[in-house]
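Here come two complexes built around subunit A, the first alongside subunit B, the second alongside subunit C.
Now for the complex of A and B:
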């Protein structure tokens, strides 16, 4: 028996639009066949709705379903997991749309639509995506309104308007719930990795690696300061320390005899002595509090200024004064840091650590070693050796360039004595080598230096081209001291960033073809970029990273003391207040019989005449009114009759409705009449 | 779902007290009930699942989506309630019928405040009827009423229900309109006409002689005249609508009498009287009716027949 289509025809368009819009993000991202499947479903549906063909039978639908499952398996290699699962869900969503007949089917379809919307948010959390999902929700609500409106008289636009109104009222309520509903810790852990390789730092430094990074203007992380911002020359964001040198590349290393458990402290369990030593220096000198929002790197290391203290879970402190996430950063992540630069002198240097920091391969850098030993003999202290080295870089004809010539035989000697053209990694590498050769414990630090300020949000934007490498030397009594040999060669790199350094230097060859787009692209475009970044930043800090901690601080600002009872009462009261407000608006009794302009015209005169002391019955007609006026004020008799005659003609003449001109004439007559009263 | 007898009676009594019968009812918050539909619960379950998903993926936007769904539900409460609130119902006319058959009652819905969409009206045990009323307008709806017994059949409690606009919530109210439908007695054939005042005996009439009337003349049609006595031929010739007048039958007026049916039950008497009312009406005989406490003078015509049938239906309280 043929089933009867029960979904009203005025809703079909919304159903089609809702299904298409909900599925679109996945269709754009997913395999091509899914788009084809959807196009097929929408086409069939359009033909069925126009009664050009019958609804496909159960066999065809089953075949389509099996085909979709098989293709999903073929495309993803499995049917579970975020990507494959979502692809399958969206296919099922499309196939369900194909078989919608009754209202019940439509209900199921719309619920699937809500799920599909949610999965779009799984892969993209940008403000635009959320707006898009809100649009999808309006369409889904319009469909709900449509399938519940079985009047054939109803029009499609009515549904959209109604959905828009309901949605507009729901969004403020959503905001209240979003702010006030307590955040619960995850019941079980799920992570969506998008498995994409990202630009970013690797865990070793060979010549050429950082200069590659400097060609990318992708965002690395943002920093929002809570209070003072350090001057540009102090903004060194440490990522990794590299202490093992094999003659070409620097690598991370843990001193012999130390294990990772002792090297990393996650905040749980007893603190090792080096943590205690650092913590003791927490109140030494100036400190900077800030929030870092790091873009996904798929790596565990995080970026901070020395010496970083964090309070939240999921982040560990390493012995080399840097932060390490417990899980690879696969999504944007934010963490609060307090950095105390002066605390660095509290950290002791263990013997095995010192051995590592002095190790250099025997066969490399013979001339460099000689130079270092010469400085050692000439100087009184370690600090003097450092100054000697920096003076050397300043005085010899070193060049700062993004396109250094290839180093052939021995990278250290070749750079120091022959090419003398290099990028920060060359300077850091050779300087660290020289220090070690002179018997000073030293290591290479890679990370980012500088950052661009967004004048709207007063947060710093650190991009990939801010990647930098510098050195740290261990000086008795001062602990690890940062030395940036690049600053000796190209001070503007440290003061004003890479772009400035390259523009002042040999920009001609260095910048060839490289686009460094920051905010500096001044004019309207720059302002727009700044705004877009500001919105994105606020979205990140206020919405995406609104977790239990942030909620607690917001609530304590709002409520003073945060107790579960208070939160519950606030939640109830604010929801009830808002709903009450809507109720007032929705149930406001607007009189159905509002007076027409003609009626108003009549009652104005009526009131005026009564105001002048003539009692009138409410049921008086215009001509009776005129006669009453004529009786009381004989002078006004003829204007009153004129008015009544004109009024009646305007009101009852079937050939024309009272036009604006007539109304104006009537008003003129009435005003003339007023002057003759009293 | 049916409650056991005891609580059910209590519930009925509570409803009757809370929602007393009236000839005009405007639904207000005292009368309106609201509860989620099955789909509404399903929808909330989906919102809860999204909430758990948002918590687990630590995805604030999915959380926001689940809050949005919950907010839509909350706002839908107001909108669903609003759709039924301020809807007015009042008595319309009634269509009587013979007992054992069906009568019909007209219910007029009026919307003074705002439009009301997709309202379902239902009497217990019957299919619902759907109606929409636009603001400031009226819609009337005929609801069938089975007439199980003779007499005044009061309108049962009417269920007014709506799921508009989102189908997540069901709002309903019970309206007991102070309205009734008359159930005429079921005609029962009998040989003897319980009448007197006829020509000589009643048998002559039962044989169906209709030629014993003398045509007297025409007069202008007055609403209520029997359609059978209209001069249709003259109407076709363009002479207007006239009613043929007949001279009174030789035997004079017939009186159907209640007390002629001694020894029978009340209902049976009424059924026999009903049969003869119909029969005499078919024969265009002027007839009257004498019931204890009510006497209706002999006449003919549809209005007369209805008056007599209504009297039979209402017996013994007129």
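Now for the complex of A and C:
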């Protein structure tokens, strides 16, 4: 049968679809000209397939190639790096499609297609993207099946069906390989950040910044607890501590005389004394173990409840009881934390740290200072001053609102004594200021508070609108104590979240006409949202966070002891088991009672003759086989006919009983025949 | 078996150069099946049918089908006889041993189905009285494949009643020369010598049922049937009835070839004429090409 070396017509549509689908993720986010280039290529291909025009010649193709390279350089400023590289790859992929004529070109294109698919996963690893890539792979496999189909009248759906079956058969194998094949840590850290500004925290806090965040329902991070979940009022996810106040905004600061090395402990090298102090408190009171899966922020800070202990590399502990990633979080990242709230009292307060925590600019908040000094004189202890301040917030007519009036002149005094309408950052800022003025070391903490629970996965979802700011004061013997002045004004905010707090207040006024989109709705939409989140979460915890470390623990649970030999043997045994099961299924589905020796006899000769270079279809009868041999090797004609005559009597004449003697005779004839074939 | 060879030789004298088709037609008769000949006019269909009737000493009638024909025109009709004061049946042309139904697709479906029912049941029921048809009973129907205007195409269920379909086709050039040089065909047919009679033919048909098959051969037939069913280029696969017909035809072929057991070659020889008219291909595929490709791809010996 003559082989068709051109791409058969029944595969052309699949080829177009496969190319388009593979390139689509890049086309959607890449520069506009790339979409144009692809549209042009697909249009030309369509016209060529309908024989309305000839394939563009070498000159046009070269021009297109140079144009694509130049435009890539123009759009990205370079030709390497993940974004530019992938864009260039996809353009070349399209241009390769333009010149596909023969089967060999199609092979190159399809292999390239698999690679292009893989690059889509560099930029997004969501379950949807995974499904999409799977679809692309089915299409590519359909093309592979199509270009290898010799029947020109084959139907296209047949290829798709076959590809689907092949992919489905590959899934169990994929799972085995996923679990067992050793993972190597990435050799390089590819920074695939889509540089766009995301909603999220910044490293300073000025009035109005957090209330902006509360308009976004974007996911900040998820938390999966291993054991008990803390009550809602305890769910304070610390992100940053802000210690320097310039009269308007709070900023991060490191105490004078401390360097970053002493302030951050990455787990390597000798532990500083403050780390030892915290570690000593690791078994104090209740602890919570949980996993945090944080969305990309492009920042280094991570979120956790106090006092966080981590065991994995890549995350450092800071002296202000925070977690800091060693590299900016440019992709979804997960880390395992054990939080021990009581360990905070072990932490000493150094003199230079204390100085920083008491500093306030000279000119701001003159009235507030007076108030603070007054409390100081009236109270016996620091704790009493704190209570005094909270009572002040509770008793004076303060309002919790998303749209506070603009503060003029001195923000602290103006808020405390005139407007008295504010969001959490106003309360945290002025409270911390008051504490510092009263001589109590204090700082502002920003992060998230609360989080809604997904009833399917029982994990917490913390969204941008859960962003919050509060204070911490240092009390002798208790260490850093969290004080949330917002809780004094609007307790519902802490207990039940932002929405409840705003609904509780004079609704329309508190919202200030702001559309709070994306609050988990009720009914079908809410259920769907919950499911989508659950799938995404499971995808993250089960698939994406399966790294070498997790693999090691899974394997040691499975195998007891992880040695290369054991892993290799397990891998081979499970693959063999799988293939065996599949074989068993095939056997069970069409019960082929095993071949009789007579039938084997025929196929031995059939195979031998084919091996000698004579093409035979499976549908030849014994005597047709003999005639074919006689035609090719005239010397062998008469033994071949003898064999056929004898064989067909043995197999088709019921009066001949298949005996051992017959078999021997046939084998003898066949061996004689073999000598005459070569 | 010499009788069969002689019969073939006799018919071969008037239908020239068509040994293969003659053998198939004979196979069809031995297998007790009806034959459909699809051909253009003037290809020798009538001559073939007539010659077969002569050689086997069968009653022969020919009916030209037209669109205004009624079932009664074929089956017969009850008429009142004033002398006996009773109804008596006037038998239609179907009461014969070999019926040539010319251009069967010109008749209305009603008339077609009357004939086809008679073919299947080998009896006719008129006015509540069932009368058996003579034995043996063969129908040779013809169909013009090209001129389809004003015809009623036989549906697949009806085509299934015919064991085989053959077409004669144009004669080879040298054969045609011989034909042109020869004398009056009608006269020649009349001069043909009878070889066996109807009873002898029926005895032979009984022998066909005793031709031996092995398990391996039945396996092959089943694989072929299965292949038509799993091949999605066909609208539907062959029915079990078609399978039984295939086996019967293969047995008859083996008998004509002079063997008392069936070889795969016998199945392959009758395959096209038994299978192809019962199959239809999807979207413009050629039934003949696909069914031949199945013969190529279905292993004769079990793998």
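One rule holds in what follows: the second predicted complex is superposed on the first by the 563 of 678 C-alpha atoms of A that agree within 3 Å, B and C clash if a C-alpha of one lies under 4 Å from a C-alpha of the other, contacts with A are read in each partner's own complex, and residues count from 1 in each chain.
The definition used in the following text is that contacts are C-beta pairs under 8 Å (C-beta built on N, C-alpha and C of every residue); 3 or more make two chains touch, one makes a residue touch a chain.
For clarity, every value in this text was computed on a predicted model and none was experimentally measured.
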- Message: Per the contact definition in the header, classify A:619: touching subunit B only (first), subunit C only (second), both, or neither.
- Response: second
- Query: Touching A:554 in the superposition: subunit B (first), subunit C (second), both, neither?
  - Reply: neither
- Touching A:648 in the superposition: subunit B (first), subunit C (second), both, neither? second
- subunit A contact check, subunit B vs subunit C, more residues touched by chain B
- In the overlay, answer first, second, both or neither for which of subunit B and subunit C A:630 touches. neither
- Task: Applying the touch criterion given at the start, work out whether A:84 contacts subunit B, subunit C, both or neither, answering first, second, both or neither.
- Result: neither
- Query: Hey, what residues of subunit A end up touching subunit B and subunit C alike?
  - Reply: 153, 592
- Task: Please give the residue numbers of subunit B that touch subunit A in the complex, ascending.
- Result: 39, 42-43, 46, 50, 52-72, 74-79, 82, 85, 112-113, 117-118, 130, 132, 135-136, 163-168
- Spell out the part of subunit A that touches subunit C in their complex, as residue ranges. 153, 155, 158, 592, 595, 598-599, 602-603, 617-624, 648, 651-655
- Query: Which positions of subunit A touch subunit B when the two form their complex?
  - Reply: 107, 111, 114-115, 117-118, 121-122, 125, 129-130, 133-134, 137, 141, 144-145, 147-151, 153-154, 162, 166-167, 169-171, 173-174, 177-178, 181, 183-192, 543-547, 575, 579, 582-583, 586-587, 589-590, 592-593
- In the complex of these two chains, what residues of subunit C are touching subunit A? 212-214, 216-217, 232-233, 261-265, 268, 282-283, 285, 294-303
